[in-house]
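What follows is a pair of complexes built around chain A, which joins chain B in one and chain C in the other.
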Partner chain A sequence: MLTIRGLAAGPLRPYLVSTLCVVGGFAVVALVVAATDGDLTVAVTGWMHGAFGTPYATAQTIAYATPLVLIALGSSPALRAGVIVVGAEGQVITGAILAAALAISPLGELPAIVALPIGAAGGILGGAVWSMIPAVPLLRWRVNEILSGLMANYLAIQLLAYLLRTSMRDPEGHSTPRGADLPDPSRIPFLPLPGRLTAGVVVVLALVVVGIWWHRSRAARVLDIFAESRWLAGRLDLSPARAILGTTAVSGAAAGLAGWMQVAGVDGRLTPGVAGGIGFTGLVVAVLGRSRPVPIVVAGLIMASLTTGSNGIQLLSPGTPASIGAVTQGVLLLAVAMALALTQRNRARRGAADD
Partner chain B sequence: MTEFVALLLGSAFVSAAPLIMAGLGEMFLERSGAGFNLGIEGILLCGALAGVLGSAAAGPWAGLVAGLLAGLVWGLLYAVCAALGLDIVLIGITISIAGAGLSTYVFQVIAPTGRTNISAPLLPTLPVPGLSDLPVLGAPFRALGIGLWLAIGLAIVSAWILRSTRFGLRLRAADDGETAALRGIAIGRYRLAAALIAGALAGVAGAVLAVGTIGSFTPLMSGGRGFLVLAVVIIGRRTTRGVVAGALLFAGMDGLALLAQTRDLGLPTEAYHALPYAAALAVLCAHSRWQTHRSTKIVTDAITNSRSTTIEADSALPGPQANATIPHRVKGDSHG
Partner chain C sequence: MTDALALHRVSRRFGTVEALHEVDLRFEPGQVHAVLGENGAGKTTAIRLLAGLDQPDSGTVQLGDTPIRLRSRDAAIRRGIGLIPQTGSLIGELTLVENLALTQPRRWLRRRHTGAALAAAAESTGVVVDLVTPVQKLGRAQQQLGELALAIAQGARILLLDEPTSVLDAAEIHGLHLRLRAFAASGIAVVLITHRLSEVRAIADTATVLSRGRVSWSGAIGDADDVTLARAMVGVLPTTVPPARPAIADAAEAVLSLDGAWARTDDLAPIKDIHLQVRPGEIVAVIGTAGSGQRALAETAAGVITLKRGTRTAAGTVAYVPEDRMDALLPGLSLKWSAALLRLREPRFARFGMLRNNEVSAFARDLFTRFDVRPPDPDLPAAALSGGNAQKLVMGRELESAPTIAVLHAATQGLDLRAANGIRTLILATAAAGTAVLLLSADHEEARALADRVLVLREGRITGEYTAAEYDHAVHRIVDDRPDEGGRAC
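And then the complex of A and B:
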């Protein structure tokens, strides 16, 4: 019996089981590729080439990983407190909407040193506000935050569709709905490197450092206690209101910031696909990284490399579509989850034998 | 006006069938206490692809069977993972990602871009006797998709199974893990059965979605319906009648959203799309509010120990870790 939190906190000791599970997972993917007449060696070299083969490819992988790591980092306090935040998808959207709205207003024309923080603040605010949709009912009436978070996601998707069709539609007119281009001062500058890496990467790296510090702090430990016993956490001066609202707001803020990075960085405008599944993948990265900053970065890079690498596979062997990346993500996730479940079961058995 | 109603009914009937079927399956799953499946989206997509392939190979009925089999596989995976003790949210997201990825991948291998799409024969339609003779309003009843007939039949059978059979009674009893175990009910077996039913019905729902009216597969064609199914079950309060009514209501909203694209219905089309989710959110809050009001009257210690969500948790399981203190998580496993 294992919860996401259990996955997040448990130390990973029996490496053998884990290795077996992951190898088994890749074997399943290999079987899928082989069954559809794909060449395995070509697929593997294609993946390596697409993910890390050239400086440009590596930069692309890091660029894909950035929002995932940010969302995962943001949701880790909530996961530690036992609040399952599945609303990142919607919070990315609302963060992006508010950031874009501020950027195309006169505020966005201010010098970059002012306009960029305004956009970021907009993203943070948009995400944090939307994260209250599951958080407040959870606190007040103990509404299941997973279901309400999912519903909030779809509300955000419809809100975005409505705004892009009406008031935020690009006045220059395009056949597909999209927002107006953001003015230059509001756009996150690109790093002087090959590929499309923005300065957002630096922000996320700084947040990783903050995360490493925070996860060793007393506050993090008290959240662990909160997940186990709210009464005990109350004795340590952590009220349910502060724990639930605080951690959810952090997760929403991180997702909203990721939304700002999508709008003001890579895309340069608000698009219907601004979230594009990164909310869910971000939660997956948090779980795979067991809610710890460094493993989250590793997990984020792996998940991103599956996306960029599968493009490389398609390039080298056109018979194998890039959607093999999504298949691998799913199978790998299952394999790691199984590994963690099995090792925890073994540990529990040993613990029971010791008693 | 009658013409408008006829149009609305027509489109609502088309979108209702998959919602009812998958909703019934999800209802079985939740009633057995095996948690809720966030992966319906992925199962729908695999069912849709299997349905199109099966229908193209051996006719629409084979398509339904193929969808059912595809769904069964995912249902089995859900059951096994839940029994192993994996978190249900994790399983659900995994099935969602893997199902969407696998269906897209297989489809692109079979029909690469540039090649013509596979087109499969459609399911037959049947008129509703009596209603189809109405002057204008009869139009949608004249060719009612077999999917909807099937869905209504399944609803009647499900209601009977849940209410009047030994299997249904025990399945519902499995929701209360501890008591059921004391009564000698093999909880694991009933939850496995429920997961298989849920998977199979979601697979059939996907097949109906694809070979009901369209007859071809497009990647990600389910477009969030898998999550709408969760909303249907919430708003239907996990009862057969509620699920059918909720599915019809949401299908009606879907029809309104479609019609709002071409004519003025007062609200923008997105509002009609958003309404089901908003309604589900409201029902979730109202239901939990009522439950907390009730439970705080009985137990004042409720904040520390039982968070009564819509999915009741069996918190007092003799777990190996001290996770009885995280009672709001639904455990898929009862004999860990």
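And then the complex of A and C:
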């Protein structure tokens, strides 16, 4: 008892609370499985099989995790600066639109060594520009960035729908709205592995390394300071304009890059479902990973495995619905949000007690 | 006749800190009793026990000679124990009558009755106070008198006042002292928590000195001189020699100047048409109470807020110690980041762009030692520091890098003698090294001890300017007007 108490009061307390919350979350999921007459061991086995059971499944999980990790990494500077960026979904779409537009233009026919960077730059630009829709009003008029970010997502969705029915519609014609196939030089090559892993994974891995470095950099610490006090950050020569516009642009660029990877890698053409919720799931990954690079990778893989693994659950335990993956994702987010709230409240209370 | 309120062999412990150790206190009716002590000596803990806000670990609270248990603030109010906390406890949007109604135990109240009770209480004690204006529109002194009237209307026979004069100006302090003497004369036990010796001299009959949670002196105030009391509070005080300061050349160019400055912050006390200049090596004090625009002036001078009208010129680096120390710290991060904040851009704190936590910790530890910040643990959350230690940390951090200009708001407010002495020496040394110091304070003693020039701020305007010598006379004139014995400025 004494040791548990000591542990609970010590510096490990946040980790203990987080672990308990996540364990509690999985307990809730187990209850759901039991309530739908599923067998828990069968469900877990099925999930493991579906997510990591075969080389193909593993590759699928990694492929699904890649854009999530990228979006989460990109949003962590903004989150550390206290800017809540929820516009990734729309930025994925605008990044994909610009990347696809460049790829089906004559530029896309250039050799791959030129066409690929052009496509990537298009994605980055498209996402970054769209991210300014919430950022500029936040800076200039203190408009709530969550509301305007969500609005910008709807704008992007409608813009995509409009373009796919008009100027960017596949000239060969299909009953469903979709864009033209991207020319080969503009498509991200697949890795020589089973499954549908593209070279985009390598790019994201490199960005994870950059993220690990940046996480411990002075610039990151100054953003923490900005989140606590703008005046003190100003004394370190960080203006609100640079902090807000800069971090939001980075988050938009990452989301746009993810959009490029979707359109030029997995899909091969612009489709209405190009974002498919990865913007929001990426934000969940950032929250789960508490804006730290390595936990973000782990959280990304877990979130991806919940999607890929639910197919495996269906296979072995037909009674359990496939949406158990989505349920688990929701419960997990709730558990982590609770853990964050609990640790923060404790910190505040400890501070007040010593006053 | 009221019974005496007492603590009998009371101990109270918070974690590893023993806030009170077998403390005996006794407050007789009809007397003004001062409880003296440094920051953290246990004064506030004792008051919280007496007011029913906290319970002792061992020992008893006694009324007369009967032990009582005060389980809540309400229980203490029913026993006639009134509390006027340091920061004020009234709800700003409500009038005094409504504030009183809020504290009544009954569900159904008649406004007329409540109002009449409060008016009667105010009249019986001679407190002249506006009962029907929302409290936040009253001045700080009026609010405090209002709280006194409220406590009397609740039937208080014992009044506990926690640092009541820390936000008042000289005339207001004088008024409050007269009022407290009148309360004592009517048979109420008045308990005054303070760390100002001069205030104790001015109105107290008896005093108890707490030091590190124990009673270190107790008796009638006439029996002790200042040195005895000071020694009981802090032990032997080191005699400090103020550092020699070079004279300021009249021709010296001002490094900070405000010209017709108008500005406002969120505290509804704007500044209007302020002209002031501070030259290198000079200490200029601006005296003014809460609500006179001090914060707006401080933030304007420090460049935190922008002017509405007028100009501000500042040459070089500007250090700023805000009134609320937490504003200058990073409550969510560990303490070392608050300590090293201003120097974080220095190359020694980073390698390959990554911060070196050990270097930052070492720097923080060194800063803590130099400025006596306790506990000297760089990994503590900044919110865990007590007010005095937070002040020492902010002051040290801001002044150690020899800024061109230093704007210091309430530099020693709430600090005990030893810490205040340390801070004053630091300010003098900083000015001697050529920093232009703008000091904003409500404390005349502090202005007199430090400043070369004193400006008086009232309702956002500068209404008087004195040299150091003239100001001495001006303060004494206020004090000499006092009818009561003692007669020293606070």
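In the analysis below, the second predicted complex is superposed on the first by the 326 of 355 C-alpha atoms of A that agree within 3 Å, B and C clash if a C-alpha of one lies under 4 Å from a C-alpha of the other, contacts with A are read in each partner's own complex, and residues count from 1 in each chain.
Throughout what follows, a residue touches a chain if its C-beta (ideal position, glycine included) is under 8 Å from a C-beta of that chain, and two chains touch if they have at least 3 such contacts.
Given the structure is predicted, the values throughout are model-derived calculations rather than measurements.
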Please determine whether it is chain B or chain C that touches the greater number of chain A residues. B
Which partner chains sit in contact with A:S229 here, chain B, chain C, both or neither? Use first/second/both/neither. both
A:A326 in the overlay: touching chain B, chain C, both, or neither? Say first, second, both or neither. first
With both complexes superposed on chain A, which partner does A:W213 reach: first (chain B), second (chain C), both or neither? second
Quick check for you: in the superposed arrangement, does A:E172 touch first (chain B), second (chain C), both or neither? neither
Let me test your reading of the model: by the given contact rule, A:R221 touches which partner, first (chain B), second (chain C), both or neither? second
On chain A, what residues does chain B touch that chain C touches as well? 227-229, 231, 348, 351-352
Sites on chain A touched by chain B in the complex: 1-7, 32, 36-37, 82, 84, 86, 133, 137, 140-144, 146-148, 150-155, 157-159, 161-162, 165-166, 227-231, 240, 280-281, 283-284, 287, 318-321, 323-331, 333-334, 337-338, 341-342, 344-345, 348-349, 351-352
Would you mind writing out the residues of chain A in touch with chain C in their complex? 213, 216-219, 221-222, 224-225, 227-229, 231-232, 235-237, 347-348, 350-355
Quick check: in the complex, which residue numbers of chain B touch chain A? 36, 38, 42, 81, 84-87, 89-91, 93-102, 104-106, 108-109, 112, 219, 224, 227-228, 230-231, 234, 268, 270-271, 273-274, 277-278, 280-281, 284-285, 288-289, 291-292, 303-304, 307-311, 317, 319-323, 325-326, 328-329, 331, 333, 336
Residues on chain C engaged by chain A in the complex (per definition of touch): 14, 304, 327-328, 330-333, 337, 341-342, 344-345, 349-350, 352-355, 381, 383-387
